[in-house]
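Same chain, two partners: chain A is paired with chain B first, then with chain C.
For the complex of A and B:
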């Protein structure tokens, strides 16, 4: 199994050598505009906005995983969900966003964990609308949940991901909860009886 | 006897349509009551800010005619009386920052007690007389940084605050921006190079 430090070295290495960089303001403004526009289009129905962001992320994840696998050169499966978590945090987030969220709060069955984001480049400078609802309903960075869901689905893991706190809402931390629902690979195609 | 040194009495941000975007007022030291209180009422500050607009326009026109910088630090706009002086800065987009300085806003020993001024700051004696050229630079820089940060917030709609073809515009409601302005106004003292 790949150790945690090895994963972070790998992430660092790829980030330095194999990643094209873009201006972070461009990313921040682009993502921010998308969220702001969604809020306008859906008349500040933040539950729906969360859903749309998750869907967009899902579609990104489906494609991004291929790029991730190519860049990280991992031809090998993760041995278990804990290793998957390490790779997500230390390689995935590192190479695409140059951040390394902290992995914590594992359940005893090793099927659920939290990613705590000390920094979140998507949310730099953001202040949620002051309408009394956005603070309670909008998950600004919800696209990330979708990305993880989409990417992991392509490698035979069905997961559920959602944010449970966000500094934008005034919480102390930004925390995403990820739960493994099942591995899909051992499923045989339906037999015709 | 304690010497008085300058402090910021008011920070104003004015939009492209000469509309007020944000006004922050800071109390000055009052030797009579030994308290901190603003030297003017909010309305008076608002009028003082409005009165700088003509100076901005004149300077801009003059600058354009003579071909010097179209925008940037306008320096001292006008000295209101022996206490208050207005300094201005205009960005290329027409957003103006105005700093009203109270030349006797703080007492030195009081300022040291409040931890605002480093005792080792030897230059204090010199600046107590007045403000040197460029003393306002860090203030404008910090205000501009705060304004840039505000603009990066995707939920902030610049057009709402200065309609491209029209008059007026809404005031800035961002709490972060207001906090930044407050911090700048409260921490600045002569000689500060970074805010």
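For the complex of A and C:
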């Protein structure tokens, strides 16, 4: 099993050598505009906006996993879900967003954990609309949940991910909860009799 | 010393306003405008926009210093690259019996060297400049929020808190 420090060294190494960098404000403003436009298109129905962001992320994740595997040169499966968590936080987030969220709050069955984001590049400059609802309903960075869900699905893990707190809402931390639902069994080709 | 700070958008529309008092020399940070002056301040401030337009092309600076004076009210201006104006009206405490007159200001100029009582001194200019610079930085951040549209009123509480802090720090 890959140890935590090895994972963070790997993430650091890939970030330094194999990643094209892009101006962070470009990313921030583009993502912010997408969210703001969704809010406008759906008439500030934030529940629907969350859903749309998750769906967009899911479609990104389905394809992004290939890029992740190629860049990290991963040739084998994680031994368990704890290792998966390490790789997500220390390699995945590191190489795509240059952040390393903290893994915490494991349940005893090792099927649920939290990622705590000390910094969130997507949310720079952002102030949620003060219409009295956005603070309670909108998960601004919800696209990340979809990305994880999509990416893990492609490597035979069905997960459920959602935010449970966000500094943009005035919470002390930004925390995402990820639960493993099941390992998707390889589908056997239909037997030809 | 009482201050009235306003940000004026490119269509000469107000984006933000905030009234406060000095926190230096034992000031309580509260504005001491009387009710009449409170209404008048907005007019005084907006009427100085004409002067801003005259002065803004004379030098390439953002900070235009004190550009206008209406009785005991001094207006300082900071103009941004996109023609948004940060305006600060400062009203030195009127001297006893002097009321809100130019004469009162002259009397207090002699009696004290504090930035509060001396609206045209270099120290005051510097303090106002620092205040503007900090307010401007925060204004830029506020406008970068994806939910903000150009020339929209700034209702962001974080921005207001930072302006309050800047006022307390420098003025």
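Convention: the second predicted complex is superposed on the first by the 185 of 193 C-alpha atoms of A that agree within 3 Å, B and C clash if a C-alpha of one lies under 4 Å from a C-alpha of the other, contacts with A are read in each partner's own complex, and residues count from 1 in each chain.
By our rule, a residue touches a chain if its C-beta (ideal position, glycine included) is under 8 Å from a C-beta of that chain, and two chains touch if they have at least 3 such contacts.
Worth saying up front: this structure is predicted, and the values here are computed from it rather than measured.
Model built by superposing both complexes on chain A: chain B and chain C clash.
In the superposition on chain A, A:130 contacts both chain B and chain C. By the document's definition of touching, both partners, chain B and chain C, reach A:32. In the superposition on the C-alpha atoms of chain A, the part of chain A touched by chain B in one complex and by chain C in the other spans residues 25, 28-29, 31-33, 35-36, 39, 124-130. Within the complex formed with chain C, the residues of chain A that make contact are 25, 28-29, 31-33, 35-36, 39, 124-130. Per the touch definition, chain A reaches chain B in the complex via residues 25, 28-29, 31-33, 35-36, 39, 124-130.
Note for the complex: chain C touches chain A at residues 141-142, 144-148, 155-159. Residue ranges of chain B in contact with chain A, taken from their complex: 149-150, 152-156, 173-176.
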